[in-house]
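Here come two complexes built around subunit A, the first alongside subunit B, the second alongside subunit C.
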Partner chain A sequence: MQVRRKWFQVGRPLPPKLSGVFAVLSFALPVSLWCVVSYVPFVWHPQILITQPGSVDYLQPGMRMDKSAFAAAEAEATEQQKALPKGVPTNPIYLPAPHEVIRAFYTAFTTEPQSRDGSWLHESLWHSIQIIFWGFVISSAIGVPLGILCGAYGPFARMSEPFIEFFRYLPAPAFGALAVAILGIYDGPKIAIIVIGTFFQQVLVIANTTRKLDLTLVEAAMTLGTRNSQVLRRVVLPGILPDLYRDQRILLGWAWTYLIVAELIGASSGITWFITQQARYQQFANVYAAIMMIGIIGVGTDMLLARLGRRLFPWDRSLVKSDA
Partner chain B sequence: MNRILTTDSPRLSYLDQSAVVRERFEQMKARDVLLEVRHVDKVFRTREKETLALSDISFTTHRREFLSIVGSSGCGKSTLIRILAGLEEQTSGDVLLDGQPVCGPGSDRGMVFQSYTLFPWLTVKKNVMFGLEINKYGPVESERQALQWLQLVGLEKFADSYPHQLSGGMKQRVAIVRALATQPRILLMDEPFGALDAQTRARMQAHLLEIWRKIDITIVFITHDLDEAIFLSDRILVLSAHPGRVQELIEVPVPRPRNTAQCFSPEFIATKARLEELIYSAEPEDESEYPVVPRLAEAADNVE
Partner chain C sequence: MSVAKTPFRFMLSLAASLVVAFGAAYSAAAPAPSAPLKIAYSDWPGWVAWQVAIDKGWLKESGVSATFEWFDYVPSMDAFSAGKVDAVTMTNGDALVTGAAGAKSVMILITDYSNGNDMIVARPQYKSLKDLKGQKIGIEVGFVEHLMLLDGLQKAGMTESDVELVNVKTNETPQVLASGQVAAIGAWQPNSGAAMKAVPGARPIYTSAQAPGLIYDVVAVNPTSLASRRADWAKLVTVWDRVVKYINDPKTQDDAVKIMAARVGLPPEQYKPFLAGTKLMTLEEGKKVFAKAPGLGSLYGSSKIADEFNVKYDVYKEAQNVDAYIDGSLTLGK
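And now, the complex of A and B:
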């Protein structure tokens, strides 16, 4: 027993094989739970899908109703000795089965837009990616330099961090109406919300990362003749680069979480528009497929960036350890 | 064991120098004064109180001298070397290098720290090139010189490795040549071998002496290891603690070239006895504060 459970201790690393097994389980468990709920008829299935209305005139094939209401209709028909309605247990329409969602992954891309001004799914996705991209780029263009300056120089930190600390508690969507008033109803306010949601965290996170730089490295550089003005570029920047890169990866994930709120502002667009449209037509399989696509794109980019990071920073030990 | 040997040769004092040693010291003192520290005080101020860390430190170092600074913990030896490096400012007094007052850090005073301060993002070669490029050497010339320096410490094979791929001793060798590459007047070393294991440490000490012999460099070396101080130094500056004051500047009577066998020579032992006397007599008796451990093992079960 003790021998077998050696890995189940605080701080013990998992053997690589087990580590892979658990990683698969992390996805397999929720998916199998979903399968059980969807495919095992006596688990949950609170509704009845009508197959034959029988003699009950208000029933139609394909209709869903609660089990209790169906039982009442059945009882009434039995009492009047008329044809019984028939149906199968089913889940509510908002919980499609896994195979329906998987099918939707394909059909969502092949289905034409339902309205004339609508757009294909891939167009919606591409639009969302652009919003994220520009929001993140604009935020980083100011946030990264400011964060580094705050981490490196006291005056910058004292002059901006208290305000930023205050501002980051203001929920970004609260600025939606304001953003629309200033920037119109199209992409402007959406990018603005992502910038507001990302920027303030970014400055603080990067300032902290910069502060964690081993100061003896700066001192060593100074004793080698580095002038004060060169320290930032020659020591601080290369010194924090791997950590900065890691921060940016986390912050990019943050930006994604603001996407849906941002796209609801003004004229709804992108993947959010697709999701709301599909929900309106009760195409919930498509809704799930679209939500999952956001996740897949997010995780996919992050994995790519992690791999790129290992290439870019061969000296970074923590990257090797955390991602290997 | 050292104490027993000391009593074996009671007549030899650490002040007695053989003719050869005396001649060496005269030679050394005939060289120019390279570093002059005059009445340096250092006060650390916090909101609550002021702490006097260094008080009236004065000494001079001659060109190509190897000076060690020893003292119990809290004597401010690290503060002193940081002042020499220009990383901290003295509250009063002067530090003169070649007669010029020291102002801020500069490449005329190289420094080796206890924690390996190699830049992790640069290869070994680029680390050595760092100071050269900062000091306006072109990339080709910097690389040529860096490789020569690496050869000096036998690490030319690791030129393209990153610091994390090196052992502690190798890292410190790179740190030494990185500091030497900019051709400083003086090399300041703040417990550079403190984190190394005993064997590596001994080899690094011998190697450092070898470098010092061959290169026109003056070394100020901080350590709390008395054997290390005696083995390496021409003179040893002993500081007392709280505040740090100069207790004595000891001329090490052990003849050069040094070797490990000298650890048992009467000069070595006499010097060490004197250092222990200076450092540990000044300290409050720490041992009385440890309690006597009550016996918990069985009565008959003795290990000694």
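And now, the complex of A and C:
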């Protein structure tokens, strides 16, 4: 009890060892829940997977049906004293078991493209990453400077924020047809959707971060004789840089969420098109495998950036703490 | 030089240069006369069939320079409307709809007609359309399944007022039927198949096989491109004949199915059943359909019926001049 108290308190940091244990648990818990639901037959399994249709004419092996419907079919066959249908409890097709997803994950990479103009899955993934990259770079090239200016100078804020506030509620996917009309059918409109989806949030978030800068820093600089024109570069920018970096990491995650609509615009391409196509034919193991790939890429990039952040901004306490 | 001004100027020039760079990279340059024909195709067996010609290199063999771009169906029509592709594969009804909205097209080739892939699927207790009297039917109002349902109701001696329509997106119909809130749904493959799997005992009570010609699938071409590149389009049409024969020939069918299944990302054996619900048309068969006649046996008659339907259900306001949308001369070999 005494030992537990030491770390189970508001604001108490975790000892490194325990911290690692909890990090493992954060993945292990949902995965084991998934395993239980998938492999323990009496947990959930609301449907019956038909193995033998028996005398019921509308059943086929491999079909899934609700338990109640199966019971009705069984009762009917019993009444007529005909062969009983047989089946095993199963989950809906929308929830494949972990091993099926892992197998799909593996085979997705080892299956070579069947058609001449097809592409390997890693090529599709790479294409998606490029779309995200360019969308994010273009959005940041405008959004970051504008956001900082809005946060620092009132006139900029008043002149752009009301419109941006308005525009950020417009759903980015709705601009798909317009983007195609202007930018063609290949990567242009896809990148544009990522930009539209990211940019407006970006300006507001970064303006907000800039405003949170401790004003005493600015006042101190002015008192020490910094000219108005130098404040932005010498005080504001260095002051917000670590927070700005963190904002960018979060916004990069945002950009990924727009990928799924972006890639269905114009000529189909990339990893999310693979997801949509597989879902249409109910190949859900492939769908989850592809979703996992995106998750892994996302977390991987973020961890890399976090590590890089610690190198770049060693003076930033919050960064160290939040990523430890 | 004050800081307050320079960032602004920098911003402006940056924005301007990005716009220019972007524009230069992606603006569609006016197609040179020898540029490949650009055709948008999507996931329907009659259009996936083109993959055979693509993979076998038949386009090049017949001297036509064409690139096929793979799309989702609705985006493919968007791209055509925006003038970004020279042709698109769609249904004759949708050719009228995109045309009414401004992007006129000319149907030069009939790839197939739906021969069972479009279905009204009912829950087990309903055995025919007549049983659906007073019941709810989930359907995407104003689209092809709606038209097919009306056709079926008419044949069963009923009208639309005998049933209650619930407007449902076609790709959500399997879940809607499974929810038990409707007695039947209308959808095409793979959605119709998924609906039957979702509700054991559910069966099709009316399909496009009972109304052949209600839904023709075509290659629709931008009129300007057709006028300036007529010889190329004519070559493309001849390639189609070879595709159909390759798919229909039992000796080569398996190879064809393999190519098509790869395009949509399915194992061949799972894809094969979809082929049965689509009647691919050779040029010889297409010729008959290009003959001007009333009724579903002719593309003219079928499109006329689709046009009347579209006007009645406010898909668009003004009746379209159906004749202007059809040019059978390439198929007829004139």
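As a convention for this text, the second predicted complex is superposed on the first by the 280 of 324 C-alpha atoms of A that agree within 3 Å, B and C clash if a C-alpha of one lies under 4 Å from a C-alpha of the other, contacts with A are read in each partner's own complex, and residues count from 1 in each chain.
Simple rule for what comes next: a residue touches a chain if its C-beta (ideal position, glycine included) is under 8 Å from a C-beta of that chain, and two chains touch if they have at least 3 such contacts.
Given the structure is predicted, the values throughout are model-derived calculations rather than measurements.
Once chain A of one complex is fitted onto chain A of the other, the partner contacts of A:Ser19 are absent, as it touches neither subunit B nor subunit C. By the document's definition of touching, of the two partners only subunit C reaches A:Ala181; subunit B does not.
When the shared chain is aligned, subunit C comes close enough to touch A:Gln277, but subunit B does not.
By the document's definition of touching, neither partner reaches A:Ser68: not subunit B, not subunit C. In the overlay built on the shared chain, the residue A:Ala221 is in contact with subunit B alone; subunit C does not reach it. When both complexes are overlaid on chain A, the residue A:Phe313 reaches subunit B alone and has no touch with subunit C.
Contact with neither subunit B nor subunit C is seen for A:Thr78 once the two complexes are overlaid on the shared chain. In the superposition on chain A, contact of A:Gln230 is made with both subunit B and subunit C. After superposition on the shared chain, subunit A has more residues touched by C, the comparison being subunit B against subunit C. Residues 230 of subunit A are contacted both by subunit B in one complex and by subunit C in the other. Subunit A contributes residues 58-59, 63-65, 69, 73, 93, 113-118, 138, 141-142, 145-146, 149, 153, 176-177, 180-181, 183-188, 228-233, 264-268, 274, 276-278, 280-283, 286 to its touches with subunit C in the complex.
By the touch rule above, subunit A contacts subunit B in their complex via residues 214, 216-217, 219-227, 230, 234-235, 238-239, 241, 313-317. Residue ranges of subunit B in contact with subunit A, taken from their complex: 85-87, 104-107, 109-111, 113, 115, 117, 119-122, 130-131, 134-135, 162-164, 175, 178-179, 182, 188. Taken together, the subunit C residues at the contact with subunit A in this complex read 2-4, 7-8, 10-11, 14-15, 18, 22, 25-28, 40, 43, 51, 54-55, 69-72, 75, 78-79, 81-85, 124, 171, 190, 194, 197, 200-201, 203, 258-259, 261-266, 270.
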